[in-house]
Every structure is written in structure tokens, then in C-alpha cells.
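In the two assemblies presented below, subunit A is common to both, partnered first by subunit B and then by subunit C.
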Partner chain A sequence: MQAVETTTTLKSVTSSRLVRTLVAGSFAALLAGCATDAPQDTWQPKGSNARMINDLDWVVFSIAGVVGVVVFSVLALALWKYRDRGQPIPEQTHGKPALEIGLTILPALILVGIAIPTVGTIMDLAETNDTECIVNVTGQQWWWEIDYPVQDGCGGIEEPIVTSGQMVIEAGTKVLVRGTSRDVIHSWWIPSLNGKRDMVPGRIHTVRLEADEPGIFAGQCTEFCGLSHANMRMEVIAMNSTDFAIWKANQVQDYVAPVAGSLAAEGESTFISQCSRCHQVDGLTDSNDELIISRPDQNVWSGAAPNLTNFMTRNTFAGASWDLLSKECRPGVWDASPSTIGAAYLDGVTDSCLNEVELREWLRNAPAKKPMYADPESLEATDGLVRGMPYLALSEDQIDQLVAYLLERK
Partner chain B sequence: MAIIERPTEIPDTANRGVRPAPKASTNYGYLRRPVETTGWRSWAFTVDHKKIGIMYGAVAMFFFILGGLEAALIRLQLAGPDGTILSADKYNQMFTMHATTMVFLFVMPMAAAFANYFIPLQIGARDVAFPRLNALSLWVFVFGGVFLNTSWFLGGGADGGWFMYAPNSSVPFSPTNGVDFWGLGLQITGIASLVGAINLIVTVLNMRAPGMSMMKMPIFTWMAFVVQMLLLFAIPVITVALFLLMFQRSFGAQFFSVEAGADPLLWQHLFWIFGHPEVYILVLPSFGIISEVLPVFSKKPLFGYPFVVFSGAAIGFVGWGVWAHHMFASGLGPVSVAVFSVATMAIAVPTGVKIINWTLTLWGGKLTFTTAMLFAVGLIVQFTIGGLSGVTHAVAPSDTQQTDTYYIVAHFHYVIFGGAVLGLFSGFYYWWPKVFGKLLSESLGKWNFWLMIAGMNLTFGPMHIIGLQGQPRRMYRWTEFRAGEGFFNLGFWNLVATIGTFVLGVGILLFLVNIWITHRPNSKTPPAPADPWDARSLEWITSSPPKEYNFARTPQVSQLDEFFHRKYEDVGEGDKHEYVQKMTGEEVIQFEEDNADPNIHLPAPSYWPMVLAFALPVMAYGVIYNTLLIVAGAAIATMAMFGWALEPADAEASDFDPPVEGDEMSKELANV
Partner chain C sequence: MFTTGSKLLIGSSVLATIAAVVYGITQNEALGIVGLVSVACAMAFLAGVNVWAGDSNLSALDTTAVATSEASDDPPGASIWPMVFAVGAAAVLLGLVTQQSIFTIGLVILLAAGAQWAVQAWAESASTDSSTNAAVRGRLANPLEYPLLGAFAVGGIAYALSRIMLWLSKTNTIVAFVMLATIMACIGFIFAARPSLKRGAIGGVLSVGAVAIVAGGVAAGVDGQRYIHVYETIAADAALVCNSPEEFEVDEGASQTVSTKSGTYTISLTADGNLEFDVPGPVNAGAEAISMPRSNANNIVFRNDSGEARRLTLDLGPAPVEEGAAAEEEGHSAGEEHGDKSDRNLTCTPLVEDGGAQLITVKFDEPSFAYADDAEAYRFYVPGTDAEIDVVVP
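Right after this comes the complex of A and B.
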């Protein structure tokens, strides 16, 4: 531990205010330009861990920039000054060892200067003693399952919460993400909160997240994970403690069956017959009042499909690749200010705000929207186990019913 | 050594005309040597390192174009949001095969082409140590590359990315045969690299001309030698990994099955223990090439030659200790990450030394900007950019933000395209007159250079921005709603990168046009002078293209830059240096030919390398489709090995028409 503290001190000296002020000028324009940039911009930290990395970035990129300018200047000068203007053949010398040694030591010293804060930051980022909340993530082709184990952390979790695609955390809380995978290697990456961490089947890897303020932070799987790698996204939603408490309570409330005779009630039976083999809705019972437990392992390679109990409390679907919110309603949540974003998110997806077009497209033919190995007949190699949602040949009536049913899952 | 005497054209030593080589016998005995000196047989069964080098180059060029077309499709797909040029599946195959083709079937064999052609010439040897093994390397590479690409017609290419991480490479996750073709194809091309490496190592160690100590060896040969040492140790590692993969996929083994207790990180370690030295395998030959080109066009020796040699060797050693920097996000634990992070920074030192030495070679010189020189300077600039972004990757915490985004795609293209490919092009222009006896057009060459530089910066430069804006690599589509709107929005820069690809493509096309213009029938390009660049090293002390036996007389070496010092004399006094030309290049060459060796030994051609090479893809198809084919392939291989071993050391008299008395040839030569 002592060694760690020493390097930490050295690191904070190097990335001191002085250095930052020096580089701030040259990057000010760049940062101003970043204001409306992509949501996965790696240079706009919104939390402590990403900021540690960003502090290091400033130092390293500045040094690299200065070295580049010096090298190119000397090179350009040489090319200009010594172009053939009829001068005599120069001395046939192989150089001066003293100069050589000096020019070997110089880059070595620069790199030592970079190495010291680097090692410090590596150790700081690996620190887990100050964890205030634990969230598990499980990667799977091509979506993330997110679950909150029972714990005193996260302000107290008394009943496990299982969701997917969107991780909800409390702003200002130090969250430890413990991750693994059910099939191939995936990588958890929320650029504005921290660097990426591969989630490897058979291993549990951790990565820290902390958001300064409430907000939605976009991320994406970044380890190539097969066919629909491009369609494996995720978000972290940070909210204040009041909103977070409401969200937790919502996630574990009892199942409310649709009103008998409604379209949603028809949807419930369609769901049971068409969807419940893979998708779990907690509290859903069959005609004998027996709880319906999904049995995805019989059909799906990785062994699970997203839990849809509180589907409409999330606002993206299918690996967070498409919006559940319509174009009109999306900015109301995504662009909300930190003070209002929690409440806006908690409203969930309402009837009028549903992105019905894409949800229906999905139900009509999922593999057409998101490439998946979902044709059991061509999957000899996996004994017919699909990866992703297969084409279910649902009728338009069934889709209407399912949309109505799903709209109540919140 | 394995140099075997056979009849050849006798040098014109006694001014009595060249005596034509005897014709091959038309009588096909089962061990008859294919001693033809013209026609396709003279190429297919040759053991001449120069012909083998040219064929290596031609096939590598074909794969360069193929890999380039794959790249063009990738960029077309990503030009706009939600691209539809390729399906997700085809896109995944495209980027996997693009990288595989460029790394294993273009840069490595193209470097082998240069090494094959120029190492013997630069060290004053008549051929490599094991000429038939050299032919084996070539044909194994050719058949392996073709085998790998037949996957396109047999269910699709490999789709797991070029580093093919487990367990995504296992059958349930990649059920087509693409990965099988990939794993077997690379095992085959690996044999080519390994055999070639052993051959060239022995050649360099044992066959240098008298007087050429290791520290008087031309720098290209030095760098190529380091590369062969790297290959010797790196190829077995990837071969082990590929072997495990083959057993995993084809024979039900569980090396990478997590459910059976495997740790998928095993593959990553194996792959990158190979994969990182591989990076130096790709760039060091080009470093060697420009270390030849820069001094020639600066009229100055390479600054700090011993430092460049030792930094190359240092890269060769330290390169083994940095593999895990490809795995900073893999969850290695902070101590490992810190160690590899610092080790990676350490390797930046010898790399920096090279850039400093190149710059100081130019400093104080007398620079002429031929196309070869432009490409060499282009390499310094572009590779430096790649090196600097490399330092930002060495910083592990930063790397966890950058890895697997387009930022790293930008980085390694600046390193491999900027480092390796530009150097190869410098070599093309520099050595073209040596190899083919004609100069490529300089004016077209300059268009070629500037379009390639503009194209590569337009293509790969924006990828820095795209990556730092958070666009991961290996995505068949990107979406508008995560593209941003400001100056750095993904849409604009993705489009720029795609446009850049086509500028780059036109640049490369101009190179092919240049070749065509120079060599088409009725071309007005005159034969090149013997010493067009006022060169410095041994390969120029012979005619262009060199005779089959390379040198009329085995050169005696007394200096590094031997050729320069034979041409110029320092008549200055004390610290004053003044160089006057005492001989032209032509005169030096003429002097050598006037004093030709009385007896020249050359290896005899053979069918067997090609037959043995052919057996390998047969066995590989067998692994995929039918075990009986493995047996058939093994039978061919066994036959070839026995044929090879039983083949007489010398081409026999009965191989020729009319039969030639070997003794008679020797006597005749001895008399001149």
C-alpha cells in the first residue's frame, strides 16, 4: 500500500495545476468544439474515474504533441536546409556517440515522466475499498443483463433487481460493476464514466463507475462479440437519491395483471404462449395459478433472454439499440437537465410516447432488424440453439395485443 | 553449402561470347530435373532466389490489391449511417479477411520478397543457403494464401476479427468453415515463414562475402535478419495457438470451452505473444529499406549505424515483453497492467532512436528527392505520428478509453501503412532498376507518392477523431443518434475517411500504371543505367538485373558502404574531407567482371518443393471436409520428401539435351 501511495503523490505532482494550465490553452478551442459532440466522446468525463483518465490524457497528449512538433520541425528544417544545391559530398561519418547517447537518454527521460503518473493512475483505478454499491452485469450475444444483488449498499437492496440494457445508479455513489459473460467475451464501456473492461465467461472482472450528476451516459460493447456486435449497447442512468429510491421500489413491486377483457389481457395470454419460454415476467402465472418461470436454456445458446417485468421503465430495447421512446418524446428525457432527468426517466414509456413503429418491426421479425443466429434449422452446429430472438410469425393481431401488454410492464 | 554445380551461361570472361546453356532434355524420367532456362518451367521449378523473390512480390501484390478491395468495401459500408452495402455477416468477414490478407499475405511475403532477393546480393552470395527450401517457402505461401481465400467460395470467410478471440472462434459462435480455413491457412503460411526464416538466418550467418563482418553488413540485411529471428520464435507460438484452435473446432477438443473449465484469456496470451513481435516483423524490413534509401539520397552514411543495428536488435528483444499491452482492458489486474504499460514505453526508446538517426542522416546531407526518397521521408513522418499515438496507448488508463475504437485503428494503420507499406514502396522505386533493369517513371512516381500520402492521411487521420468520439471498431453500422453534431461529428469524418480510401486507391493504381508504362510491349523506357542512384551497397556491384549467378566474382568487402568507397576517394587532409570520384559504378562492375571467378556453382532446379507445398492444402481441406483427403495429402507429402531426399545433388547429364558432361563444363570454365 505504501508504494501505491508514493506513486499517487508523484502522480498528483505531475498532473498538477501548472501542467493543466499550460495545456489548457492549446486545448480550449478543442474542448469548446466538443460541446455538442457524440455521446460516447472519450474526452468529456462525467465522473471521477473517467476524470482520472482524462487528467492523464491531457499530460500524455500534450507531451506527444510537443514531441511531434519538435521532430517534424527538425525534419522539415533538415529537408529544406540540406536539399541538393550543388554542395560537395558531405563527410562520410557514422555519427557522434556522445550525441547518440544523449538522444537515447532524452526520450527515455520523457517516457519516465509519463510512466510515473501512469502507474499511479492504474493503481488508483483498481482501488475497490471505497465501493458504495455493487451491480452485476452479464454480457450475452447481444445485450447486457444487469442485476442488483441484495446488499446494504446502493442505499439498501432487499430484493434482487434484474433488468437489462440500462443500469440505474445514484449520482455521486461509487459503484463497483462486477461483470461476466454467458457466451463470448464482451466489453463494458461507458466512456464518460470509465474506460472499458472485458467481461469474460468464467471470470468476474470489476470496473468502477461514479457519475458526478444525474444524467444518461451512453456506452457500447467494444470487444467484437459476433454477428450483431454493432447492436450491443447500454446506458447508465444516474439519478438523485430520492429518484433512485423510487426506481428501486418500482422494480420490485408486485405483478399487476391486465384488466380482464382488455387488449392487454389478450396480450398476456399471447405473451405466455409465445414469449414466456425465454422472457421472464416476474409474478406472471398460468391458468393453474402456477408461477411461470422462463426456461431459456432449452432454446437459447447463452441461456437467458431479457427480463421484461419492468420493460417500459427502460427507454431502449433489443440491446439498447433502438429507442422505446418516440422521436418526439426522446429529447424530453435524454436532453433533460440533471435536476429533472430522474423524474423524466421515471415516467417511463407512456402510451403516447411509445416508439411503436420500431417495436412492432421487432415483434414482426426480430432477426430482420438485428442480425442474429435465430433460424433453428440452419443451426446444426449448436444443436438448434438460437442466439438472439427468432422469427415468431406473429399475426398483426397478436402484435397489437403484445404491444398493449408490454405497455403495462412498468 | 548447399550450392550444387550445374551448367549455366558462362560469363563473358574471355571476350568470346556467352556460351548458351544446354537445353533441357525432353525425356521425362521420374527424377529428371526441370532444368529449363526459359518458359514457365524456369519459374515454377526455379531455386534462384531472385526469381523466387520476384514471384513472392507478384503474389503479395495480388493479395495487396485483394485486401485493398476488401478495405474499400468496409469504408463504403461505413460512409454513412446504417450502411447497407454489406450484411452484418459479410462485413464481419470483410474486416477479418482484410486484416488477415494485409498482414499475412501482403506485408509479410512482400518483406520476404525483398529479403529473398536482396539478402544474398547484399552479402555477396550466389544464392541462399538452402535453395530448394527457399522454393518450398514460396509455394507453401502461395498455396496457403490461395487455400485461405477459397473460403470465400466455400461458405464465407472467417468472421472473428484477425485476432480471432476465443471462445467466439468456436463452432457454436462461428458455425461456418471460415475460421477453419483461417486457422489452417495460417498454419500453412506459417510453415512458409518458418522455413524462410531458418534459410535466411543460415544464409546471413554463413554466406557473407569475405571481409563482411556483421557490423559491415548492409542495414537492410541486418533488419531483415532481426525479422527472421523474430519469425523463428514467433511463428511457433501462433502455430501452437492455431493447432489448439484446429483441435477445438475439428476434433472436439475443449481448449477454449469455458463450460469445460477453459480460460479464454489463454488464446489472447498466445496470440499476442506472437502478435506483438509480429508488428516488428511487419515494420522492421521497411525500416531496413529506408535505412538504405536515406543514405543514398543524402550522399551520407547512415547516422549512427551501430545504434540503428542495436536498436533494431533491442526492438527484437524487448518486443517479446510487451504483448499484454493488447490486453489492458482484458482484466489482467493492476500490477500486470502497470508492468506492461512501462515495458511498452521502454520499447518506444529504441524506436525513437531510429527516427532520430534517420533525421540526423538527412542533416548535413546533400538531398535529392527521388520517389524512393519521398517514400522514405514519408515513412519517417507517418510512422512518427503512429509512434506518438502509440505512446498514448502505452498509458494503460488512456488505452482503456481508446482500445477497440477507431483511434487504435488509426494508430495501427499509421504504423503499418505509414511504417511498413510506405517503406515497401520506397523499396519498389529504389530497387526496381536493379530487379527489372528499367527505371519506373519518376514523374508518375511522384503522383503515386503524393496521392498515397494524401489518401492515407484522409483515410486514417479522421479515424483518430472518430475513435476519440467513441466509435468502436468492427461495427457493421453506426447510428445517427450517437454521431453527435459538432465539428467532430461521426458522420462527416466517416465520409472523409471513405473518400480518402479512394484517393489512396488511385495512388496505388498509379503504381500499377507506372509498371505497365515501363514494361508494356513497345515501351519507350530505356534500360536503366547500372548505378542510377549512385548507390552505396554490394547489390549494385553487378549488372541489373543481376545474372543468375549474381556476381561474376565474389566481392571482397573492406568497408560498410563498400560500393561507395570503391567509387569515391577522400582526398581531403586532416578534418577536411573532399570526395572525388575515382571510378564510376559501371567501371567498378566492369572491373569485377573482368576478374570473374573461374568456377561458378549454382543450385539445380527441382519439382519437389512445389509438390510438397501442394500436399499441405490437400491435408487442410481434409481436416475440414474428409479425413481421407488428409491421408492423400500426407501420401503426397511423403512422396515429395523422399523424392527431395533422393534427388541427386547435381543435375545429371541425362537431364539435358544433348546430354552434358558436368566435368566438361567445369573444365571449360577452368580454362577461361
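Right after this comes the complex of A and C.
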């Protein structure tokens, strides 16, 4: 008898703990929805496309919520009202055609009701003929290349612009993102501007972006793409037309070599010997005054490495995973108001605002900071080509030189 | 207490362990060590089983054991599965130190034999009647065995037929298989029309047919397949093929349709002889060239609506200079190279008939500005016409 009571007590305690854990877990999940610092919140649209999705979400979730409440209420009522109280088993009936047909037609009607705005929204989102600016994005493990082809759109682009990690657009302009991938399937997603779009190797996909007003809008790859998938981030920087014109002009400026004899000049030599076989800096020449053309296809599995011509005009690096701006300076750009963010962004990264610690860590041993397949001893499957940036065994002096050189790349 | 049998097995295990250590120290060779350690493990396992089972020893004074002990039950039926299981285990061990394929085959044998062994042992404990036990086994195992054996048989026959097909000439294959199919249809018709035919006769005919096909397949496989002409590829002589509107061997039998309907670049040769391009989404207004990413497999569908068979050619710049030829190339400017197309790195589609389409995949290793002085680099053109489009690679 005592054993039975002990068992019952144990079951009761276990059940009580389970209930408490479930309640606490549910409450924590609920509270997570209240986060204010959530730049990838899908419920805070900042552009027309994301707003279309958001509006549809409210319709669908409202209907689903009502259906859920009705179903669970009826279920609870049935469980409570017809619970086992020792009563005899009721008379068994073989179906009720009217009820069954009704419960087939009603959900079908609800689904049709949901399908009408859903299909309409999908078709509206797929529309690209109204776009005024074309930007190409190319995904690879684990960063995004962004280029602006020659066009009349985007306020006119006369020579291609290549950057990475951060896409700069003009606020209030419908932008066509035309994307593909160099290695595996990636997915482009800026939640506050539009839905996801998979980027499949060998195919071209399109998605439209539009930001209501200037700002920085964060996103990340949403198709698992390998070891550092979680570190494959990107941002869209929207600015007004004046600031956007300045940014474009800055991106195609001629290369300015460091002052001879400076630390940056030593950095240029180090860059040429250590980095330029993968990273392109437009206009960089060798000792014979020949243009240096990087050949990442000979070293990297994806065949590409970020173009560093205007590296310090961005404010993130390594797949937009780390800030180039120090913690002190970051809020000055990221938290700037729509009227000042363009100018703040265009200032780029200055000597006093550089997040030198993490940039040095990256240069010192990139694979230790971001998981990548870069160990020379385990590259048989890729024929010796690395996935990501390898360990370069740079000395501290070389790192000093490279930091000085990169600081001038804007 | 340890029985005599257990002592023998324990001793064997210890001996194998010592032998492994000695072998390892003196020979330093992995395969032998693995073998000896495997023997030691196997002996230890058997010794453990023996100790646990008490060597099935019965006291000589226990007279009732003659009727009550397990040994008095009917002995289990003969089984091949322990032997097959052992073969599988040996293959697994061998595969671990040699080839993965041997390990995989061993594992399959091990699992299949283990399952069969377990099912048979389980069925034999169902009753003391061996026919009942056989029925119990069949009820569990046959639904899996028959489809698998059937699949193997069909696979074997199909593979044998494929060898015969590849051995015969193209024409003879058609004739032979029309005849074979007719014979099979006739036999099937006879079987269906004569339900009174003895099962033995039907089985005999089918068996003879299956053996004949397998034997024919083996013979054909041993003799080898017929001569199959290997067509030249465009890469074999791109400079000649890609600069000509004429038909070459590479163009024979080329597909004139592509399954890719969207998500690619499209270049069309129009009826008035112009090249037009399209991409998903609006075309870059104001752009006079196609923009394609660097180091990327760009798929391009070429459609020919010109009224004549044409091919699309891409000039990827000067051809890489091979070692040894460098000295001869010295002094040649880029401009001189343009005159001689054999110096160009070209790729192209096969000849596309009017109304047809072909897919070409191209990759640009360097940006366009690497060829800023080369007017012909990164340019699509159609040999025999003036149509061309430049490509910009950022």
C-alpha cells in the first residue's frame, strides 16, 4: 500500500514538474516575441513588398487563429463533457453524411478564402517590370557578392560597381535583385524588405526590394549552405538619392596608392604578395605597372573572394558577420535617423572608429574566427581549393601593414 | 567454475592477444595486428558465451536430464546462415583495413545472414514440430524474401539482356529483340491458354529461358560490346568548329531543344540577323552588353530564328600559352592574335537548326577589365554573320 502511494506521489511530482516546465517554456517563447532589438523581425515591414507579406500574414493568421480556437474549444468541450464517468457506452452510429459533407465543404471554403489573397500577393510580389534599378547578387560559401551592372537605372551607372556584404540602394526606389549562386543553394532574405528567394547555382532568380526610407536592414542566408551558414549575413543600406549618388561616384574612383614609405605602402606590398591572388583591388598594379588581376578560381572552391577596392566604405566584413566599426562608433551609423544615416554611412570607417581587434583577429587566423574548410590537409575533396579564407600565417608586422593599407580603401 | 571448453577458449584468446602484441612490436604491420586482435576478440566472446552457458554440462548422476534437459529436445535444423554470417564478419574486418566496398558488402551479408539466422532460430523455438516451425518462418520471412529475390532475378536478367544488346550490332539488336519479345509473348499466350499445363513444365521452360539469357549475357559480356563511335567534342578543335557556320561531326545528332525554360540568360538570333539577349526580370535599360558574374557557371539558351543553321560562339580571350610554346609566342601582340582565330580561347554551341535551341554553359575566370585592350574578348558572335554581343564581367 505504501509502495503504491509512493509511486502515485512520484508520478504527481513528475507531472507537476513537466507542467511547470511547459508553462515556463511557453512563457519564455511568448516573451521572445517582445524583443525590441530584433532587426530581422518579419512583423516590422519597412518597405512595400514586406508590407504586402505582413498584411497577408494578418489575414491568414487571424483566420487560422479563429479556426484554432474553435477546434480546440470543441475538442476541450467534448473531452470534458463526455469524459469517462462509468456511464454505459453510447449507441454507435455509422457516420453522419450531412455533418461530414459540411465539415469537408467548410474547410474547403476557408482555404479558398485564404487562397484568393495569397495568390494575389504572390503574383504582386513576383512582378518585376516596375523596378527602376538592377542589382546582381551572387551567393557563395559564406558571403554575398553584390554588383551593379551598367544601366540607366539606379540613377545611371556607367561602369560596373562590385562590393560585398552590404547592398546600397536608394530609398523609395523599386530595386530588382537578380541573383544566383557559385557553389551551393543559398537564400537571400532581408525580412523587413521582402520574403526569401533561393539562389540556385546555374539559375537566375529575381526578387524586388524597396525601402520606405533610409536605414540599415539586416538579413541572412536562410538556406543551409554548409559549415558557416549562420555567419552568412548581409545588409541593405537605403539612403536618399543625393547620398546614393555620392556613394556610386565613390565606388568607381580611381585607385589611389598609399604615400611612398608609409606603413600603408608596406601594406600594399604585403597585400600584393599575400592577398591579391584572391582579393581584387581595382587599379592596383605590380612593379611593372601591370594591373593585378586576382584569380580566386585557382584558390577558392567557389571561385570568388570579396572585392576589397572600397573595403572601408562598408561597415561589416567576413560575410557581414563582424563590424568594421568599433562598439563606440557603431550606434552613430546603425542607430542614426533616416535623415542622417546616409551621411553617417558615407563617412565610412575611420582610423578612430575601426574595430581593429576583430579585424586583426580575422587577419591573424580567419578559420579560427569563422568556421571554414581551409585546412590544407583536408582539401582532397575540393582538389586543394579552400572554402573560405585560409590561415595565412601573417606576422604581426604584416597585420599592422595590412590594417593601415585597408584603412585607405575607401 | 570454468569448464574445460571455457579454459580452452580463454587460453586461445590470451594467446592471440600475446601474439598480436608480439607481432605488433616485431612486424609493425596493421593487417596482421587487426587479424590477431580480431581472433582474440572472437575467442573472448565465445569464452564468455561458454562460461555463461555453463558449457551445457550436465551431471552424470542427473538421470532425469535425459528427458528434461534442453539437449533432449529435437536438435535445430541444419542452417547455412552461421557460415554466411561468418563470411560477412570476415569481409567486414577485411574491409576495415582494405577497401570500403568490401566493408559495405560484408556489412550487407552480415546483416542479411544475421536476420535470416535470427528468424530461423526464432521459428525453431515455436514448437517441437519442424513443419510448423518452417511455416512460421515462411510467414515472417517470405514476404521480404520473395520480392528481394525477384528483384535480384529481374535485375540479373535485365543486365544480361543489356550485355547482349551491346554485343550485337544496332540492327541485329532490333531484329533479335523483336524476335525474343515475340517468342516470350507466344510462350505467355500458350501458358495462359493452357491452364492444364503442368507446373513443372512451365517452370522448366522459364528456367531454361532464364539460364539461356544469363548465359548469353555472360558470353556477350566476356566478348565485349560492339564498337561504338566516340564523337569528337567541340573542345577538341574549337578554333575550327566555333569559327565556322559549316557542319562538323560534333554537330551530328545534336539536340535542337532544351528543357530549361526559365531562369537562364537567353540569346536569340533573329530573322534579320541580329543577336538579342534576355534575362529574368527587365533587361538593363541603357546597357549595350550582357552582364554576367565572374567564376560562375552561367547557363545561356541560344535560340536560332534566322532561317539558317547557326551556332553561337563565345570568345574568352587569348588562348592560354602552353609550356614550350611560350618562346614562339613572344613578340606577338594581342592585335596580331586576333587575326588568327586559332590563338583564341573559344567555346560554342553545336549547329542549331532554324527554330531550334541549345544550352551553353560558360565561365569567366577574369573580369572584363583584364582584357581592356582586347576588343574581341568576352564577345558572343555568330560565325557567318555580323551579329555579336559583348559581355561585361564585373
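Following the convention adopted for this analysis, the second predicted complex is superposed on the first by the 370 of 410 C-alpha atoms of A that agree within 3 Å, B and C clash if a C-alpha of one lies under 4 Å from a C-alpha of the other, contacts with A are read in each partner's own complex, and residues count from 1 in each chain.
In this text, a residue touches a chain if its C-beta (ideal position, glycine included) is under 8 Å from a C-beta of that chain, and two chains touch if they have at least 3 such contacts.
Here the structure is a predicted model, which is why all the values come from computation and not from measurement.
Once both complexes are superposed on subunit A, the partners subunit B and subunit C clash.
With both structures placed on the common chain, the touch criterion links A:V71 to subunit B but leaves subunit C unconnected. Shared-chain residue A:Q40: touches subunit B; no touch with subunit C. In the superposition on chain A, A:D84 makes contact with subunit B only, not with subunit C.
Of the two partner chains placed around the shared chain by superposition, subunit B and subunit C are both touched by A:G202.
When the two structures are aligned on the shared chain, A:P191 is found in touch with subunit B, with no touch to subunit C. Of the two partner chains placed by the overlay, neither subunit B nor subunit C lies in contact with A:G261. Touch criterion met: A:G303 reaches subunit C, while subunit B stays clear of it. Of the two partner chains placed by the overlay, only subunit C lies in contact with A:R295; subunit B stays clear of it.
The superposed model shows subunit B running into subunit C at a single listed stretch; among 40-48, 184-192, 346-354 or 364-372 it is 40-48. Comparing the two interfaces of subunit A, the one with subunit B and the one with subunit C have residues 200-203, 205 in common.
Contacts from subunit B toward subunit A in the complex involve residues 87-89, 92, 159-161, 165, 167-168, 171-175, 258, 261-265, 298-307, 329-331, 333-334, 337-338, 341-342, 345-346, 348-349, 352-353, 355-357, 359-360, 362-369, 377, 380-381, 384-385, 388-389, 391-392, 394-405, 407, 467-479, 481-490, 560-561, 564-565, 568, 570, 577-579.
Per the touch definition, subunit A reaches subunit B in the complex via residues 33-43, 50, 52-53, 56-57, 60-61, 63-65, 67-68, 71-72, 74-75, 78-79, 82-84, 87-95, 99-100, 103-104, 107-108, 111, 114-115, 118-119, 121-123, 125-126, 141, 183-185, 187, 189, 191, 194-198, 200-203, 205, 218, 220-230, 301, 321, 323, 371, 373, 379-382, 385, 387.
Interface of subunit A with subunit C (complex): residues 128-129, 131, 134, 136, 138, 145, 147, 149-153, 156, 160-162, 176, 178, 180, 182, 200-206, 280, 282, 291, 293, 295-297, 302-304. Subunit C contributes residues 263-265, 279-282, 284-289, 291, 293-297, 299, 361, 363, 365-367, 369-370, 392, 394 to its touches with subunit A in the complex.
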